[in-house]
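Shared between the two complexes below is chain A, which has chain B as its partner in the first and chain C in the second.
After this line comes the complex of A and B, so read on.
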């Protein structure tokens, strides 16, 4: 903790020299410094004008000194000037008052006109603020901008090769490559467009933009005060992008990083952390998915059905084409999953009580969502369970005497849940009512009992949910209600006997 | 909380005068979550009250507190000390019973509340008297120039309180597993155990693990051992994981932040804890110290 603070202070001294302090807006005590330094640098005219303006501004605000600060004469006048300034500072304003406090007090204090120092700060607020380090890094010169605009923004074929050629163009360019950081930040933005955001080799090429051996610290102090901090921060953000996209680095990246930043570089810490944690979580998903994910909806539907039917090991998945069935209007595919246990349950089902076809519900396979439908019956009310009060000591059954039982009550299967018994699950290409009808006709070939049981279609209207998808969650309360989904479900009930 | 002025002062003292890095070194961190803690409606109303009314309320609360402590003493005396826990017997923390009171036991937070995103979520009770946490997760980034990623949804149990409205910790030293009965939609949800310690260094320590929901109509019985949980500070993984302190867990929550825009739905039956005598593992992660100086 303490060492970090020291590093920051030292960096401040290195990078932003005294000149920076002269121009600083919020502390008047540095005016004196400027005056001293000015006597030495009278002859440089460009420099003269800058500081002159600044000092004059500050003095006019103070309203006590009308003399110009800069004189050709000796240090006596300068010393006078210093003394006056010191007095001013003590009288006028407390030193710790910063910018934010003034902002918040603005509303209250605008009515009061007695404070002069307050006005002083208000004028200075209008000036453009200093940019933070990140913004400075991302500023590009015209040279690097041209490379990125010509090769990445205006590229016709957005491939891996086009992206690699951009890096090659940058490396081929003559002269000192000063803006490596800006280039890497710029290239990182376009990785997803070119489809290389999950490619390790491209990340390696981007890291190799940084020079080898020049940034390796040679001192104890250099390592302590973070050698080349902007390059290190840039590399860390690149590694973080890898982490977000699930790209696990390999030992080769370690050697590349070691050559660039040395053993004590912070990017290497990040790398080791990634290598420790990411392989641990890589294979934890109990329903693994092929990488890259297939774009075909049929393949996705198959994966979704496998995921749902993993409850029962015996269940099998079958793909039907609706063209084969008579009287079908929509011609698509149907993926259905059913287990032999579910067939038995259908056989046992009472022929007078109806079965429901419900949906569409959503299931996610990795990043994509698939709509699915279920064939459900309401749970049995008169289901028998062994009635035994275990706390009652009076009636303990003797296990040796009462072995002859006529009825055996089996435990309920997985498909008999407390909110219904599920007979089958499916996903169709169109997810329309007609395609579901043909799904049931497909099932009827193996289960002829479905012809006797009345089937009711209770399908949800998905329009409300789709609206929400387009809007993307607007702040109004109406959209929240839409998102809840339950309130705007329009159930369309139709009785149809197959 | 009157920490607002203090925060501003500390920020301005350390502002640009001393350092010029990304991170801002602060010697103290206030417990108001980076100034993003939102006051509830009741809290805002309470501030408008007169001093007399406030005192009356405090007095009434104190009276109720005394009654509650008396009741607790009696119930504890009847039950006896918690020495023996029966194996494989789920001690239920919270179960949905279909009453509208169940909603008040949970807190829903979304990134939209802090103007950090556009996702929305609600907790409802279904026809089968189960909890249903559903809504829309959106990863669209608000254009304020600072945010780089967004999209989270959180559901937290109201942390336990003593009769005199002080924080208490769950004491789960005797248990080994956390048990959930849920029905998800195929997404990955994370289970978080918050260690809400008062020190600012360990204030945001949380232990996480994930649930890969199956999706579909079938209910899922999830058992996660405490040894699997790993530590993170403000959501960032740390290299050195210590075993979970089971006697000082402040609150329990579940989040969804898997970078997929779309509607989500998670049904919950109950949340509980369980003791499994065959589970001896303390942590699933390495405990040795490496030679490399990684912190």
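After this line comes the complex of A and C, so read on.
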């Protein structure tokens, strides 16, 4: 327990090592930390006991006077507050007494405190939602729970408007000051469901649930010992969720946070770190995708093909409609990518060696996956690689004066890899065997040589089609081949059938 | 400063001594020449007006420019050559003066719609079409240095210049070298008398600088009596007026289009053969009147004896065509620049600038000097190269040719840009000739040659030579751990200095300039070695370094030509030769500075001089295929 507290306080202290040394010198760690910890327990308890008695003013007053005045131990007015507020009384007492009190009065609660501190740690380090969720729900008052259940869980239209309405409801309610942490945690959970998890404006609205100015530390020690830690942690995990969803805050967010936590708040620190890194990461993707991501599979397929074919800058994307192809069964689209270099390789390909249509493989465009297929040949055996000793400077070639080109062995292009030579890639609307046949026919228009090369379809489970075929029975030559392809049996589809 | 110092030091009393030395060296050269018997007069009866035979050629020498890369200097080249015997020189001048007078009287505007027939007729009378054809075939067999004079005179009208160049050089070279006697007798006399205009057809739609990936094919008929040609050629020079085409094509002897033996060959195709069609290319910006065309051949049957050379000779012929016909274009560039200089002088002489005359301002003086200097240097280089061709037996001057072309074209482009502001707003007006000059130069440079290829090619030639000479040393330097002793020796005992004592071969007034050369050649040698040590045989891919080397060697070569010419002029007392000395000093200083700067770039290596980063940036650019940077005011959040 003790060490936990110390490490916890260290985490925020070691920023300013001087302060840390100061604190440790006078051995105030234990008391201060326990005091804070205790006061929060009290606060929570107090909320449930007398909601109506405690106004916002009282709390702020208490805060304002909190430490500097209390330590003077002179004012009578403060004495009143002390009587009213257990929290202040504890801090007010001499240190050794404070220790005692905590131990005696709250002995049975100590274990609970332990776990809670522990949870705070966990919450901050990892799994902020999962572990604390149940705990949060328990702590949540019935009132807040009602708001969340009624407006979020049971909402019919799960959209931004409904979500904002929930926030508005909470803000209108009289007890809004009490359970803001619980409410924010609760609301955060449902953001994705409402499709607002990437919406900056909603996040800002959620942050604004916290009151302005109330939680701004007014003196050195408040800053040092993390003023309103629960709220700060809550806000941090909110910012964390923003970061996970790639939402970059704007300068207005900073103003809001400054108004709530002051410039020494940990959320501000988090905010500045986010603003340092996130814009730097934002444009690093070499294959930028439009935001929001298009839903149309054709558009996605185009993006995927652009991405995968970018290994060769010369490659171009073409979209074909299978309707234009005779004998095609599936009416769909085919996005095909091929580079001029690949055409050359195809021309040089030996006509007696088969080439394969393989797939489907997956490629991701942002969060969506697209199935694609490749046209591949086995790598050339005994391929010669250019051999040149770079030290033989008496044999520098001069290409301008060479009279022969065939003597030169060229280094392999990017399309000739160790696992094969790749001629083309495609994505089709249905990923069916027939659409792939149509693809080959489309390619054949520009590459007549495909007519002379045997092509083998080795596809992995295309479930829907397989079912159809089994149902319909094997009738024609064509469909027999389709079936064979699906069973992973290689069979050549020769010239005419293509 | 330097120039001033040199001027103040100059003592005219020295002239006599060194002039005497010079004369002595000349005399020995001439006595050498006299010992060899002049050519027999067998061909004299063929024609009445025949020039005296040229001097017999001297034995082959080591290449000059290539050897600069290994720090060897042939002093023979510092003496500006006189390629002809004085009799021949005088007679040629006599023959040439009416031609020059006629060519200078031509009005460029007449040539907008092609070469006017009366000009062609006049050229036929002057026998210019046979300039490079031997007397045996009714030509006048001019030396290269004489032919350049003709081209330069014609180059005042760039259209005519390029027309003559394309008519007189590439095709005739091929005929002279590879043609059989029958072919020569069939075609050359007709060409010499101007009845027929020959041209060569090389370029195709997708062919690169090496021009070997042809799609045009030629196959033998079954009876072996005819070749059948199929294909298309673009940018055929003089395409619309030419009557005989030399077409480069794959002679098919089995195999497929993709896998075939390399049998490029040249074929002679007459224009009126069935299946030949010439389509004009779209109009060019400049050089109005000079036409290029697209030659389309569909199932063209030509007799089997129309093959030029042997089957498979084509590649060699192309390489020769690529490497040996380069420098002629310099003559046209010189003519254009001279034209520009005269026009600018005319326009600026009465112009005022505040309270003095414009030509008195320093900025104008600087540009005029620069123009003069450029023309002077271009002339020196061009005539030096052609004279070498004329004087020596089978000379290895391909690097000199490339460097000459590069120097002339580059200087012309730079100077045009720098001097056109002197014309002021007139440069943009259609009634003034500047706009036409600008268009002509751009068409000439961009349609005919690729400066970058020339640069890389010439850089490579030098590096190859250096690689051969220093193979062992460079291998050691590249593997210091295998040869530690050599490395230590190199580091501690290698003294890099070069003292050529060029001043002994020059007029004393040029003593200051002579030192420049030592330092420049030393830099060139060091840089070449350094590049070789860094990149080994991969140097061919380091295009930027190749271009820098090419720049360096062209500056040095130009320097040698300029100094030699100025010294000779001053010694024999040509008009304005004292101005030549001054100009020579200016040029020498600038060229030295340029060489030093280039050497600095190379020494700094690709990681400092920006080559490496340029490669990376360009890669990113091509990945995205557009301008990649955001607007300067772009906000990211």
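Criterion: the second predicted complex is superposed on the first by the 298 of 498 C-alpha atoms of A that agree within 3 Å, B and C clash if a C-alpha of one lies under 4 Å from a C-alpha of the other, contacts with A are read in each partner's own complex, and residues count from 1 in each chain.
We take it that contacts are C-beta pairs under 8 Å (C-beta built on N, C-alpha and C of every residue); 3 or more make two chains touch, one makes a residue touch a chain.
All values reported here derive from a predicted model rather than from experimental measurement.
When the shared chain is aligned, chain C comes close enough to touch A:313, but chain B does not. Legend: residue contacts after superposition of the two complexes on their common chain; A:399 is shown touching chain C, with no touch to chain B. Shared-chain residue A:286: touches chain B and chain C both. Annotation for chain A, partner touching more residues between chain B and chain C: B. Once chain A of one complex is fitted onto chain A of the other, the partner contacts of A:214 are absent, as it touches neither chain B nor chain C.
Legend: residue contacts after superposition of the two complexes on their common chain; A:295 is shown touching neither chain B nor chain C.
Shared-chain residue A:414: touches chain B; no touch with chain C. By the touch criterion stated above, A:157 is placed in contact with neither chain B nor chain C.
In the superposition on the C-alpha atoms of chain A, the part of chain A touched by chain B in one complex and by chain C in the other spans residues 286, 310.
Looking at the complex, you find that chain B touches chain A at residues 8-9, 11-13, 15-16, 18-22, 25, 112, 118-122, 124, 128, 132, 134-136, 138, 140, 149, 185-187, 210, 212, 214-219, 237, 239, 259-263, 265, 285, 292, 294. Every residue of chain A that touches chain B in the complex is listed here, in rising order: 1, 4-5, 8-9, 11-12, 15-16, 96-101, 104, 130, 132-134, 229, 233, 244, 269, 272-273, 276-277, 280, 284-287, 304, 307-311, 361-365, 367, 369, 372, 374, 376, 414, 417-420, 422, 425, 465, 468-469, 472-475, 479-480, 483-486.
On the chain C side of its complex with chain A, the touching residues are 209-210, 212-213, 258-259, 262, 315-316, 318-319, 322-323, 453, 456-457, 460-461, 463-464, 467-468, 470-471, 474-475, 478-479, 532, 535-540, 622-623, 625, 636-637. Only residues 248-250, 275, 278-279, 282-283, 286, 310, 313, 347-348, 388-406 of chain A touch chain C when the two sit together in their complex.
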